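Read the structure below first, then the notes.
Chain IDs A, B, C and D follow the sequence of writing; residue 1 opens each chain.
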Amino acid sequence: MDKRYEQERIVVIWSNENKLSLWQKSELAAIKASASLGEFDMAIYDQIETILLHQPIDIAWWLNWDKVIGHDLNAFVAERVRHLPLELQIFLHKKLTSFDTQEPAFGRMLLDSLAVVEEGCDAFEEVLIDMARKYRYTIMNSRTHGQEGELMTFGARILSWLADFRIAREILSDAKSRLKYSKMSGAHGKYGSISPKMEKIALQILGFTPYYGATQIIPRVIYTPVAQALSDMVQLLNKIAVEIRLNARSSRPLMREPFGKKQTGSSAMPHKRNPVKAEQIAGMARMANGYKVMLESNIETWEERDIAQSSVERVAWPDIFHVMVYSLNSMTAILSGLQVYPENMLLEIYESHEVAGSSELKEFLKEKMSAHGFGYEAAYRTMQLACFNLFEPSDELLKLRRPAESFSEASSMLNALQYLPRPSRIVSISEFIPQANLRVSGELAATQEEVDTYNTCLATIFADPVNRKEWDGIFNPAEMLHNENELFWQILGDDIGEE
Amino acid sequence: MDKRYEQERIVVIWSNENKLSLWQKSELAAIKASASLGEFDMAIYDQIETILLHQPIDIAWWLNWDKVIGHDLNAFVAERVRHLPLELQIFLHKKLTSFDTQEPAFGRMLLDSLAVVEEGCDAFEEVLIDMARKYRYTIMNSRTHGQEGELMTFGARILSWLADFRIAREILSDAKSRLKYSKMSGAHGKYGSISPKMEKIALQILGFTPYYGATQIIPRVIYTPVAQALSDMVQLLNKIAVEIRLNARSSRPLMREPFGKKQTGSSAMPHKRNPVKAEQIAGMARMANGYKVMLESNIETWEERDIAQSSVERVAWPDIFHVMVYSLNSMTAILSGLQVYPENMLLEIYESHEVAGSSELKEFLKEKMSAHGFGYEAAYRTMQLACFNLFEPSDELLKLRRPAESFSEASSMLNALQYLPRPSRIVSISEFIPQANLRVSGELAATQEEVDTYNTCLATIFADPVNRKEWDGIFNPAEMLHNENELFWQILGDDIGEE
Amino acid sequence: MDKRYEQERIVVIWSNENKLSLWQKSELAAIKASASLGEFDMAIYDQIETILLHQPIDIAWWLNWDKVIGHDLNAFVAERVRHLPLELQIFLHKKLTSFDTQEPAFGRMLLDSLAVVEEGCDAFEEVLIDMARKYRYTIMNSRTHGQEGELMTFGARILSWLADFRIAREILSDAKSRLKYSKMSGAHGKYGSISPKMEKIALQILGFTPYYGATQIIPRVIYTPVAQALSDMVQLLNKIAVEIRLNARSSRPLMREPFGKKQTGSSAMPHKRNPVKAEQIAGMARMANGYKVMLESNIETWEERDIAQSSVERVAWPDIFHVMVYSLNSMTAILSGLQVYPENMLLEIYESHEVAGSSELKEFLKEKMSAHGFGYEAAYRTMQLACFNLFEPSDELLKLRRPAESFSEASSMLNALQYLPRPSRIVSISEFIPQANLRVSGELAATQEEVDTYNTCLATIFADPVNRKEWDGIFNPAEMLHNENELFWQILGDDIGEE
Amino acid sequence: MDKRYEQERIVVIWSNENKLSLWQKSELAAIKASASLGEFDMAIYDQIETILLHQPIDIAWWLNWDKVIGHDLNAFVAERVRHLPLELQIFLHKKLTSFDTQEPAFGRMLLDSLAVVEEGCDAFEEVLIDMARKYRYTIMNSRTHGQEGELMTFGARILSWLADFRIAREILSDAKSRLKYSKMSGAHGKYGSISPKMEKIALQILGFTPYYGATQIIPRVIYTPVAQALSDMVQLLNKIAVEIRLNARSSRPLMREPFGKKQTGSSAMPHKRNPVKAEQIAGMARMANGYKVMLESNIETWEERDIAQSSVERVAWPDIFHVMVYSLNSMTAILSGLQVYPENMLLEIYESHEVAGSSELKEFLKEKMSAHGFGYEAAYRTMQLACFNLFEPSDELLKLRRPAESFSEASSMLNALQYLPRPSRIVSISEFIPQANLRVSGELAATQEEVDTYNTCLATIFADPVNRKEWDGIFNPAEMLHNENELFWQILGDDIGEE
C-alpha cells in the first residue's frame, strides 16, 4: 500500500514478525494439546515452549531459507527446529500440514484487523450521532434526483447516514461471526493422522472452534463475505462523501469539508476550496471494490486445495484493511470538521418558492378540486403548472436565454446582469396558487381552456376563508417535520416529546 | 434471460402482472392502515378494495400510458383510478410516493424468489447427504495441487462439499434476514405527510417492518449482500463442478456426469463424453458474478435518491435468480445421476505406490531416525527420495522420454509401446523403504554419501522385527480413516460407533 | 433483456432464425470451398444449396431435437440432413466440428451488431458537433472538484465530450479490427482432417480470414476487448450524463434534459423535473460493466476448449449490445432536446465575483509583487485571501449561520430571509483587489501584519495607472478564451480566424 | 506490493524520486517552450535549468510541506522555488496547473513500465518459439472438455499459446499507442492562459503530442485500455498455466514445472511435487483483474475533473505492473524449465485405443455405409458405439465398480488389484471396428437389432480388401498431422516443405 494511505496498526498485524509469532503460537498449541491428551509428557511441551519463546525468530534467516526450498512454512519450521535438541525436534509440526499452522494465524490477523475497523466505526458513529442532534432543527430541502424535494432537517439526513452505516456494520458483523472457525485437521482436513480431539483443544487455546468439513484449508467462502462487507462499507462511506461533494458545490455551498489554514486548493486558481478529501473517498471505494474482487475469486479451489489464493491473500487482505481504516478515519475527520451553512439551506428553500410543500399542497387541492368535479389528474396538473409558472425566469433574464454569437456579445450579456432588476422578494407557491392566476406554459400540455378551468376552480376554493386559512397553515416546518421525532426516537432513542 | 436458462417460477414472480398486483396490495394496505387509524371510514376501504380486486389490471393500457407520461407508478395509479368514482379517487396513493408502493412489492418479489432458491437448496443438500453416506467407505487419494495426497473417502469429500454449501446457505440466510425491512415513509423517508403509525400498520399487513432511516427508497446496501450471497453460492457450486470435471478427465475417470442414451458428445468425434453440464456451471458462475457486480454498484445514490438503480434491478435481479435456480437444479441433476468409478479410485491408489501413506510413514521415520542421530530434515529427505525413486519410469519407458525428430519416429515410438514389458505388479512405498535401497535421484540434492547413510540407517531400523511390524501396519485404511467418523458425526449426526 | 431496453435490430441479429441461417451459410461455404478445390463436383454443391435454401429451417423441430441429444449444432445438422437425399448427406458438415460452423456465424453477429452501434455513434457525434458550434460563445465557469474554476465556453466543454467519445470509438474500432479472424480448422484447430486451403476459401466466402493458432474455438482474448470497449463507451456516456445531472441541479440549472409536455416528475411532488433519463444512463453503465465482467472471464478455457463460455455468450453479448445501443440512442435524444440556460451560466460567473479570472490575475500579481520583494508564495496567498474575503457572506446573512434550536426558530430564520437586504450588485475580484483592502480571514493563516504588507504592496502597484489599466483588461472573455479557437480547429476543423 | 512479488525496475519507475524528477522535466520543458516562443530570454531558462539540476530535490522536505498544505504539486514547486532568486521564481510553474506538470510525468511512467513489460514479452515469446520447434513431432491427444480428442503435436499446442499471446501483445500495443497524448493546456484544458503553441513545443520536448479536448486532466478512457490489456494478458498467461496444471496431474503427468533440488512440496507429504508456480499465476490473474477493475472505474470524473482517480492511480498502476512483470518472468521460468514427458503422451494415445482417429474413421464409415443405405446418423452411432465398447472395463475390474460397505472391504478391493490380469496389449479402434463385433451398450440407445445391422454392414465393408487397406492407413500421424505444417509456416515462418 502506498505510504500515504498505510495504517500503522494494520502494518503491524500483517508484518512477517507478527505472522511468524502467530505460527509459533499454533505450533505450541498443537504440542500442548497433544500433551494434554497424554500423547507425551507435558514437561516436553514446557521445555519446547521455554526454548522457543526465548529464541527470537530470525526473519532474515527464514526469508533466505524460504528462497532455497520454496516453502515458507517448512522454512519456518527449519528456523525453529535449529534451537531444539534432537529429541525434541520430532514434536514440532508433528503430523501437521502447513495450513494447520497457518489458518489459525491467518484468522487471528483478520480478527485483529477487524478490531481496528470496529474502533474506527465507533468513532464514526459517535460523530454522526452528535451531528444528528446538533442539526435536529436545521431545515433544508430534501433532494431527489438532484432536485429540491420536500422539507426535511439536516439532522434527519444524518440519521439516514447513521442507520445505513449500522446496517453495514451488521453485515460486517455477520461476516465476522464465521471467523470463529479454524482448522488443524491435516493435509486434506479429514484427520489423516490427527485426532479431532487434539484439534479441538489446540484451537480452543488459540480462540477458535473446528470447522468440520475443511480440506487442507478453510473454504474461502467463509472469508469472502468479510471482503464484501468491507467493500460495501466503503461504498457506503462514499455515498456520504458524494453527498458532501454535491452539497459543497459552489456557488451556494450547504456544507464544506474542513480546509486547513495553510492549505492551497489549486496550483493555478487560488480561490479554490476543493472537497478533495471527500473526493478521495471515491478513490478508496474503487480500491476497496478491486481488492474485494480479488478476494472473491478465491472461492474457486481445486479439490483438497491449490495455492492460487495465497498470493492474493498476502496482498489484498492487508490492503483492503488499509483502505477501510483510512476511509473511516478520513470520513470521521471530514464530518468532525464539517462546515455547515444553515443560512444557505434556508436560502434554497426560500428561493425555490417553498415548493418543498408541493406534495402536501397537492393533497389539499386533490381533495378540494374533487368537490368541483376534478379528478386526481387535474389536481396534480394544476399544482405542476403552478410550480412551472413560478420557476420561469423574469422577462429580462429570459432575454439572456440564448447562445451568444460572439465573445463581445457574451461580454455584453454578462455586463447586463449587474443592471438587471432583482426581485426584492420571492413569491412562494403558497402565495401564488390562491391568486388563481396560472398561465399556460410552453413546457406543459395544458391548453388555455384547461388553465382557465383550473383558475376558476382555484378562485372558488380560495374565496372560502376556511379553505384559505387551512391552506396557509400547510407550509409550517414544525407541522411538516413533526414526524421526524419518530426517527430520532427509533434511531437514537431520543424522546423529544410533543412540542 | 435466454430461454434455455429461464426458470418458469422466477418468470412469474418478476412478471408485470405480478408486480402490478403487488403494487395494488401496497396501495390497499396503505388505505386500510389509514382507515384503521380513523382517518376515514373503513367502509371506504372496503368499497375501494371491492372495486379494484374485481377490475383486472390492464397491462397494455398501463404500458401505453407509461410511455406517454414516462412514469410507471403514476401510470399504474392512472389505470386504477379509472375504475373509481371521483369521491374515492382521492384516497388512492394519498400522500404516498412511488417507492412507498414499490418497495414492499419489490421486497416481496425478492423473498418469493428466495423461497424458490431455498427449495433448490434443500433438494441439493439431500442429494449430497445421500451420496456422502453411499460412499462412506469408498477410498481414494485426496488431491492437493492436483497431485495425489493422502488417503480419504469419497464420502468425506462430499461432506466437505456439504459443509461448504451450508456455509453458503447461512450467508444467504443472513442477507435475507434484512429483507424484513421495507418503507412507506414518503418522498424522502422522513414522514413528510405520512404518519409512522400508518407505515407500521400497512407494512405489517404486507409482512414487513419499517426501516427507520429510509430516504425515498430503502438503502441498497440492504439488498447488496443478497446478490453477493447468491453469487458466492453459484461460485461454490462451480467449485464442485470443477472437481467433477477434474475427476472426469480421461483416460481414467473417477466419475462422470450423466450422459443421455441418445446424447452426442461432439459433431466431429463420436467417442466423446464431455462433462458439458458441469462446464456450463462455470458459465453460470461468470454470469452470477456479473449480475452481482451490477447490483453492488447500486449502493451509490445521490442524496434522497436518484433513479440509476431502477433499470439495473429490473434486469439483474430476475436474471441472477434464473442463473441461481438453474445452477442448483443442474447440479442436483448432475450429482443425482453421477456415475462413480470406485475401481478407478482404487487403481489410482495402487498405481501411485500407495504414497498416500507418506505423511504417516514419514512420522515413523522421523521418530526412528532421530534415535540414530538424524534430525527432522533427514527423515523428510529420506521419505522424499524414496517416493521420487518409485516414480521413476522403467528404463525401457525412459528411452521414449525424448522429443521425436519426425512423424515416422513418433509412429515408431507409439508402436513400441505395445511391446513394452508391463510390470506385473506395482511396488508400494511401504514395501520399498525397508529394502533400504534408495538411489540417488537426478531431481534431488542428496549425494551418494548421504543416500548411503540413509540406507544404512534404514537397514538398521528395519532389521528390528518390532519396527518392521509397526511399519507394515501403518498403511491400513480402517486405521488411517478412523477419524472420518468424527466428520460424519459432526456434519450428518451419524453415529457409526467403533468398528 | 427487459422489454424496456430491448433494441429491435439487436433482437433480430441474435435470434435463433438468424443464427441458424448463418450456420447454414457456414456449411454451404465449406462445401463450396471443397468443391472449388476439386474434392467433388461443383454440381453437388449446387444441388445441396438449392435444396437447403428452399427448405426453411424448422426452428421448433430443431429445439426439440436439441433437447433429446443435448447438442445444438448436431441437432441443426440433423434438421438439414432430413431434406437431402442419402448420397448428398455425406457432404454436409463433412470433417467439420461444431465450431467450424459456429465461429463464422458468431463473428457475423458481432460485426452486424457493431454496425448498429456505429450508426448510433454517428448520430451521437453529429449532435455533439452541432451543439459545440451552437454554444461556441456561450461562456460559463469551468468546474473542477465541483467548484467554479476558470472561464470557458459550453461549446468547448462539448468539444471535450466529443474528443473523448472519438477516443472511445477508436478503442472500439481497434477491438473490432480483430473480428476479421475466424476459423474452420477442425476439432482442435490444427487441421486434423481439414485442409488449410479449404478453410481459407470458405472463410473468404463468409468475409473472414483464418486465425492460425485456433483451438476448437477462436481464443476469447480476441473478443474480450470488444466487450471492454463497449463498456468503456457506456461509462463515457455516463460521464457526460453525470455532468448533465450536476448541471441540472436546481435551484439554478444550467441545462436540463428534455421533459415531455405530459410527463410527470414524481407521484408525490408535482414540481419535479427530474433528470431521469440521464440518471438511467448510470444504470446502463452498471449493466454494461456487469456484462463485460462476464465476457472477460471467458478468456480462461481448458486446453483445446471447454464449453463454459457458451452460455455466457448467449446471454451477455446480445444484452451488452442492447444496453450499448439503448444508451447511445438515449443520450442522442437527451442532447438533441437539451434545454440550455446561458443566462444561468452568466449568473454563475457574475455571482461568483468573476473569480474565474483568478489564475491570470494571480500571474499578474506574481510578477508585480515580485518587484516589491514578494515571492511566489506571497502573491498566491494575496489572491487566495482576496477571494476568501469576497466569498464571505454579509453580516446579516452570517447571523443565520447557526443551527436552529427549534422548529419555530427555524421558521423565523426562514421568514427573515425576505427582509434581508440584497446587494444591488456583486463586486468582482478585479474591482476588489485594487482597493487594497484585504481583511484577515478566520479561515486562512495570514496574520494582520502580513495582510497589512499585502495591502500596502497592492496600493503601490495599483497607484500606477499603467498597472491598473493592464489589470482591468485581464478579465476579458474574448481575450481569455481566444485559444479555444485552436480546439475548434483541431477537433472540428473550424477555421474561425482571428477576431 | 508484497515484497515477494515486487519488481525492482517497477519500484524505481514509480518512486517519489523518479516522479519528482519527471515533474521537474515538465516544468523545465514549459519554461524552455515559452522562451523559444520569445516570451522571455532563453538565458533565463538556462539559468533556471542550471540551478535546478544542481540542486537535488529534497524528498523529505517535500513530503513534510505536502502534509502542511495538502497539495503535492504545490509543495514540489515550493521546494524548487527555494533555490531560485526572486526574479526567476515567477517563471516556475507559470500559468500551469498541477496536471500540466503531472500528466507528462505520469505518461512517462506508464511508458517506461510498458517497456519493461515488453522486454518480458520478448523473452516469453522466445521460449515459446523454441519449445514449439523442439516439440514439432511430439504427438499427443488433444483435449477438449478434458477428454481426449484427436491427434496433435505438443508443438502445435504451443503455437496456439504463442498466437494467442501475440494477440494479447497487439491489444496492449493498440492501448499503448494512445499514450502518445499528453496535455499542458491549463486548469481546465482550454488554454485559459496557456498558448497551444507552448504546449505543443513543451510536449514535444517531453516526447508527447497534445490531446485536444483535455479537461484539467487527460480523460481516463485513454488509460483504461492499458489496464484492460495488461489484465487480459495475465489472464492469458493463466490460461497456459492452467493447462500446465491440468497436464501435470498425477498419476501420469505429461509435463511438470521445474522443481528445485532442495525444494520441498508439502510439510506433511514428502512425495509431493506441486505445480505451485503455475498455480500462483492464477493468483496473479485475480490480482491483475482487481487492479484493472479499480483503474476502469476512473473513467467517471465530474466535469473538468475531480481527484478521485488520484489515489487509485498511485496504488493500482505500479501494482498492476508488478503483477504483470512478475507473471511474465515466472511463466518464462516455468516454461524454460518445463519437464516434458513425451512417453506419457504416447501412453495416453495408446491406452485410449487410439480413438484420436475417430473423427476421420467416422468420415470413412459415413461414406462407405452410405452406399449400404445408412445415413449420416447411423455412421455416427456405429462409431460412437464402437468407442464405448472399447472403453468398457474388463469384467474383473467391473466387479470392483461398487461402493465398499466397510473399510475392510475397501482394503480387500485394493489388494485385489495386484492380482488382476492386466491386458498384455491394448486394442485400437482401427483394429476393433473391422472385427464387426459391436456389442449393445447399457449407456447408448442402440438396440440389439440395430447393432446387428451395423455389424453386418461393417462385415461387408471390410470384407473388401481395398476398403480394409484404406482404413488401416487412416491412423497415420504423418498423414493426420500433415497440415500442421501450415501453422508452423504461418506463425513461425518455418518452411518445412513436403515430407
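FYI, a residue touches a chain if its C-beta (ideal position, glycine included) is under 8 Å from a C-beta of that chain, and two chains touch if they have at least 3 such contacts.
Everything numeric here is computed off the predicted structure, so don't read it as measured data.
Undergrad: More C-beta pairs touching across which pair, B-C or B-D?
TA: Comparing B-C with B-D, the pair joined by more C-beta contacts is B-D.
Undergrad: Please identify the chain with the largest separation between its CA centroid and the CA centroid of subunit B.
TA: Of all chains, C has its centre farthest from that of subunit B.
Undergrad: Any idea how many Å lie between the Cα centroids of subunit B and subunit D?
TA: 27
Undergrad: Could you put a whole-Å number on the gap between the CA centroids of subunit B and subunit C?
TA: Here the centre of subunit C sits 36 Å away from the centre of subunit B.
Undergrad: For subunit A, write out the residues touching at least two other chains, lowest number first.
TA: Within subunit A, residues 77, 95, 97, 143-146, 149-150, 186-187, 245-246, 262, 264-266, 268-269, 274, 276, 279, 289, 302, 306-307, 359, 481 contact more than one other chain.
Undergrad: Which word fits how the chains touch one another: line, ring, star, complete or other?
TA: complete
Undergrad: Quick one: which bits of subunit D touch subunit A in the complex? Just the residue numbers, please.
TA: Its residues touching subunit A are 1-2, 4-5, 68-71, 73-74, 77, 93, 95-98, 186-187, 245, 260, 262-269, 274, 276, 279-280, 282-284, 286-287, 289-294, 297-298, 302, 306-312, 314-316, 319.
Undergrad: Would you pull the subunit C residues touching subunit A in the complex into a rising list?
TA: Spelled out, the residues of subunit C in touch with subunit A are 134-139, 143-150, 245-246, 248-251, 259, 261-262, 264-266, 268-276, 279, 340-343, 346-352, 355, 358-359, 362, 380-381, 383-384, 387-388, 391, 393, 397-398, 400-411, 413-414, 417-418, 422, 424-426, 429, 443-445, 476-478, 481, 499.
Undergrad: Provide the residue numbers of subunit B that touch subunit A in the complex, in ascending order.
TA: 77-78, 81, 86-87, 89-90, 92, 94-95, 97, 142-146, 149-153, 156-157, 159-160, 162-164, 167-168, 170-171, 174-175, 178, 186-196, 210-216, 219, 221-222, 224-225, 228-229, 231-232, 235-236, 238-239, 242-243, 246, 289, 296, 299-307, 359-360, 363, 366-367, 370, 373, 375-377, 480-481, 483-484, 486-487, 490-491
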